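In what follows, structures are represented as structure tokens.
In what comes next, subunit A is part of two complexes: it sits with subunit B in the first one and with subunit C in the second one.
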Partner chain A sequence: MRQEADSAVLPVAATRPRASRRLLTSDQAIAIALVAPSIVAIAVFVYGFIGRTAYISLVRWNDIAPDYTFVGLTNYIRLMDVERFQIDLKNTLVFTVTFIILCLAVGLLLAMLLDQRIRFEAVFRTIFIFPLAISFIVTGVAWRWLETPSSGINLLFDAVGLDFLMNGWFTDPNIGILGVVLAAFWQMSGYVMALYLAGLRGISEDVREAARVDGATEWQSFWHVIFPLLHPITLTAVIILGHISLKIFDLTVSMTGPGPGFATDVPSLFMYQTTFFGSRFSQGAAIAMVLLLLVSILIVPYLIYNARNEVQR
Partner chain B sequence: MSARVVASGRRWRAVSVRPGRIAIYVTLVIFALFYLMPVYVLLVTGLKSFTEVTLDRMWALPEGFSLDSFRDAWLGNAQTAIPGIARNFWNTILLTVPATIISAILGSVNGYVLSKWKFRGADVLFPVILFGMFIPYQAVLIPLVQTMQVLGLYGSIPGLVFVHVVYGIPITTLIFRNYYATVPGELVEAARIDGAGILGVYRQIILPLSWPGFVVVVIWQFTSIWNEFLFAIVLTSNPQVQPIMVALNNLAGSYSVQWNIQMAGALMAALPTLLVYILLGRFFLRGLLAGSLKG
Partner chain C sequence: MSAHPGGSSTDLLRERRIERRVFLKTLLGATGLAAGSSLLAACGSQQATPAAPAKTESKPAETKPAAPAATTAPAAAAKPAEGKPAASGKPGGRLEMFSWWTTGGEEAGLKAMYAIFEKSHPGVEIVNQAVAGAAGSNAKAVLKTRMQGGDPPDSFQVHMGRELTDGYVAANQVEPLNDLYKSEKYEEAFPKGVLEIVQANGNYWSVPVNIHRANVLWFNKKVLADNQINPPETFDDFFSAAEKLKAKGITPLALGDKEPFASAHLFETVLLGVLGPDAYKGLWTGATKWEDAKVTTALENMKKMLGYINADHAALTWDQANDQLIQGKAAMTIMGDWVNGDYTQKKFNDYGWTLSPGTKGMFDALSDTFALPKNAKNRDNAIDWLKLAGSVEGQDAFNPLKGSIPANINAGKAAGYNDYLKSTMKDWTSHTIVPSVVHGAAAKDGWAQSYTDAINSFVTKQDVASTQKALAAACTDAGVCK
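Take a look at the complex of A and B:
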């Protein structure tokens, strides 16, 4: 069929280059027209709106009535003095670090275990991953009860003699944010497991065999051969988990709200309440910009790195 | 020789790692129980009657089989002033279905152009579009609310559809672009030599091959839009219009509502996406992995 097509165009081969170039240009025009609506939408609703939010963060609109008096960085400077925001930044840091470490460790462990020719592998996999299909709101509702101090997990601990583990969970001002981390971990660790499992399945048996022939123990061959091959996956997981945890909102809202002494408060929730309950729009915009900055520090280098890699390929 | 090494390696494992295998299964089962724990609590509590639900008997099985909590959470109960979530469930269907379909079509077209008809600057444009799926939406919320008010779309389901379509562009474009990258360029070239233009190639070559991409994107968008909360709560204030997750959050947030009704409501709100996952898990997983850029 292919040959037939080739021979059909052969007689006009002399005129083809020009014709196809013209065809290309009109097709290129259609190509641009096809993506234009999306490009315009992203330009306006992502970049334009970010610019607008940045602008609002630099004016004095801290009441219901808009006030576009330029005040420079005043909103940011004031924000840094707000105790709630300081707690929020600390919470975000604690949340992000513990959440990522927990998910990576357990995700990798479960992937390695499932990679050992396990019976009922599909059943286990399904159970580990299903929380991803659920809304953070549902997760929050369920975990709020599981972490109720006089009920839930504490009852289980008590029943099996682990009562020293009983604690106030998200109601404890000191460790509250870790209670939310636990729920987020429950929801997202299956994702890391799936990533690592896909990665492990992509490593050829030859590579593992080579390590074994070299006399490496299972552990050595994992640590020196397999794990380095999984580094790109670890990077991806850190980026995805990191941007989710920096932005975490739904889960905190449905599970705890700001918590006692802002123990479970996060910038996204502070922004929401400041803006839409407090009507302090410029202040809210400043919080949003700080949040965007944090996410960008994580995401932008990764996007550039990815794009470069692709061009090289 | 290597075959023998493999064989002896296997035998060695089979004989001496037995206790290890047991440990593996025990670990897996413990984690499985951990992941299933909230489901157990949701189910058991939802099936209990009002008088049966107490903090200290949270883990106990229900004495009878009562669907009253589900009925109250769904339809509401005038006596106890519980708002039902049935209406909001319906709102979310009206929101999710069109938004999913439109963004899948947009994603397919974008992905096609950005993988097979790269114009100058397309490779720079792509990460610029992708950035939109990582941003904290707080950074666009204030202008978004203003714009929706100006457009007369604030507080309406069509408004939410619009917003989800726009902010769904990066992920749907990404998934389709990665998917179409696996379609051999020779197929496209052959069709072009046959005289097909950009639209012809799409119709004749790309679209017939697209269904797995569509399944992945539709599942992804359906799940994320169904579960979405921030846009929903900021852009709709009328309880009659609010999507399911806002309604569930309200139901669970009011202290007058009993645990059994909250849990029943949560279970019903989670059911559609859970069903999709159970029925189409393979594609769900593929979307999940595609969402991590590499595809």
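Take a look at the complex of A and C:
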């Protein structure tokens, strides 16, 4: 570790005499000049707009005409009282948890199966990862047909005698959101498989060999050796899936809409409708801020973890 | 890369490093050139360009996007000052028309009006800005951002009533049309009920081109006849008919509320049927309390009706639900009279209509109107368009295709109106006109949205007390109820 650190310092030390003569080397200047536009663009179009949204969420702009009267956290307090938003938060929780677990489990399983050096691996790999190439809008439309109770999968179940599996899918107020999870999971599990497969391929055969030599069963060697080595992959997958599920919008819009009794409603859909149909700009901004908070709860620990790792390196 | 045979790898690295530097400089130079910087030559020729020029060069590049904006700014600033724009001097220019008419009869009707406009205004380019989406949901979102951003179309489609008056009028984004109403004698051409709805603060704000009716009960003639049922007029009639049909295994009432407006629409007609026109109108002005016992009755009636709907209502849109009626699987449906156009399109003739339960003599109206935004780029063309939209000629070209009746009482004598439309035109002049909430006439956007949300919950939970509370809260939230 120390040696590594030393070698990392070395090149910097070598350039130091030059750097001391001038404020910046020309390379650094060019680097800054090249990065500056994107820094400015991000400052304005990302952080500037986040700031503006935060500001709007604190004023009373709930009609078409802008009203910049400062009202503090009123919009947030009232938002928490809105029944639709309570349902949305619950839906988001259910969606995120089931979606991540399903994707991870099936993704890992597929990756392990593909890792067995089977024939036509490339074909299977392509098939599993293919849904990722489709936009959520298309997935939504296709799965809406599949899950329409009077047609689609129900007819299939009926035909093969699995009547007990027939259900209302996304139109059932109790399980509606799970119908959407199914579509999202279909699309994203192949992606998780690809991540895990890359991870598995990166694990040296020596490690498995060593485990076997030590007398570990296949299961033990997977659970105690391979799986821990895949932790960074799992973390990446959770972050990617997590932020997709928190922000999911296109899939619900094209597949279900808010659903019966808001069974398939999500905060982003509510945000869109209350802002642009209901003209409640401040309420929409408040929802956006809550969403941002939720995503940052997920992302910030990851960033800290990453930063710490980088320092160690 | 690793395949380079021989040669010291450090040499190679150094070479590549230089290449990179040259590349970077060229790139930077190009950016500088694009920004019109004169420092380009210095950068290209000198070896060790100091940091400072490089930095300043990046700045022009950064302000580049702002440059075109700056050139358009004077034009934008000049717009309000134009008042009577240059277009009035010379014929031609453009007419940018914003609507959500993108399919079927709606689009055909719009195109028919365009054709008339083009004939009388040769050389005017019509820019058809139509955004698809049920009941204008997506179009309204686009329009709102354009109006907020100071880039209005020349004229736009908007529902008659509060959607406009509590929205764009309150936001001071549209022009009053009093002069137009005077010059075109619209006060005599439109019924009193409509004039009431299109005006606010003593001004007229839009020109209605058509009228739709929301409180219509449609039925499959054969199914009702086979079961010896007369079209129901009251809630009691409806429920006894529904009970009979249910026993036969026929869905009494088809509903498709995948888009929740459909169930909100149904409840609107129930409210009207229970409360009557005056108390119903009072709900939207604060004169009738939402806590009223009659609202409770309406919710209970609605709940009872929900016992007679198709099981897959949440999976269907209103027109898919209507297919069940066409196929004879369902007997009745309550929906606005665009259903009439749906039947025409699907070539189904065995349908009948009556008014929704309890709404005899009442006309739950909604209307598509056109308004004039402030700072319209082609104001004169827009005003001519509004004149056409309100005229007998324009309305008779549009409405038979759209499947609606003309708002102008002098129109409607042209060919092409079917039996339903003819009978509705008669009702139009004699029935009591009340505004529809779901379709923008009775309440502003935010309120209509909360109302729809409350009913969407109600369809699932069927909790009368909590829904009534939510409806009352929506009224308070809108600033109408105390």
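The rule is simple: the second predicted complex is superposed on the first by the 287 of 313 C-alpha atoms of A that agree within 3 Å, B and C clash if a C-alpha of one lies under 4 Å from a C-alpha of the other, contacts with A are read in each partner's own complex, and residues count from 1 in each chain.
Please note the rule applied: contacts are C-beta pairs under 8 Å (C-beta built on N, C-alpha and C of every residue); 3 or more make two chains touch, one makes a residue touch a chain.
Keep in mind it's a predicted model, so treat the numbers as computed, not measured.
For A:148, decide between first (touching subunit B), second (touching subunit C), both and neither.
Both: A:148 reaches subunit B and subunit C.
Any idea whether subunit B or subunit C touches more of subunit A?
Higher number of touched subunit A residues: B.
Using the superposition on chain A described above, determine whether A:273 touches subunit B (first), subunit C (second), both, or neither.
Once the two structures are laid over each other on A, A:273 reaches subunit C alone.
Touch test for A:84: subunit B only (first), subunit C only (second), both, or neither?
Touch status of A:84: second partner only.
Which partner chains sit in contact with A:129 here, subunit B, subunit C, both or neither? Use first/second/both/neither.
first
A:32 in the overlay: touching subunit B, subunit C, both, or neither? Say first, second, both or neither.
Touch partners of A:32: subunit B and subunit C.
Can you list the residues of subunit A that touch subunit B in one structure and subunit C in the other?
Shared contact residues on subunit A (touching subunit B in one complex, subunit C in the other): 23, 26-28, 30, 32, 34, 37, 148, 150, 272, 276.
Where on subunit A does subunit B make contact in their complex?
2, 5-6, 9, 20, 23, 26-28, 30-32, 34-35, 37-39, 41-42, 45-46, 48-50, 52-53, 56, 106, 109-110, 113-114, 116, 118, 124, 126-146, 148, 150-152, 155-156, 186, 190-191, 194-195, 198, 209, 212-213, 232, 236-237, 239-240, 243, 246-247, 249-250, 253-254, 267-268, 271-272, 275-276, 281, 284-285, 287-289, 291-292, 295, 299-300, 303-304, 306-307, 310-311
Which positions of subunit B touch subunit A when the two form their complex?
Answer in residue numbers: 2, 5-6, 9, 21, 24-25, 27-28, 31-32, 34-38, 41-42, 45, 55-56, 58-59, 106, 109-110, 112-114, 117, 119, 123-132, 134-144, 147, 166-167, 169-170, 173, 190, 192-194, 197-199, 223, 226-230, 234, 245, 248-249, 252-253, 259, 262-263, 265-266, 269-270, 273-274, 276-278, 281, 284-285, 288-289, 291-294.
Could you list, by residue number, the parts of subunit C that touch subunit A in their complex?
Subunit C residues touching subunit A: 21, 24-25, 27-28, 48-51, 54-55, 57-58, 61-62, 137, 140-141, 144-145, 147-148, 166-168, 170-173, 257-260, 311-315, 444-446, 448-450, 453, 456-457, 459-461, 470.
Provide the residue numbers of subunit A that touch subunit C in the complex, in ascending order.
Where subunit A meets subunit C, its residues are 22-24, 26-30, 32-34, 36-37, 40, 62-66, 83-84, 148-150, 168, 170-171, 173, 256-263, 272-274, 276-280.
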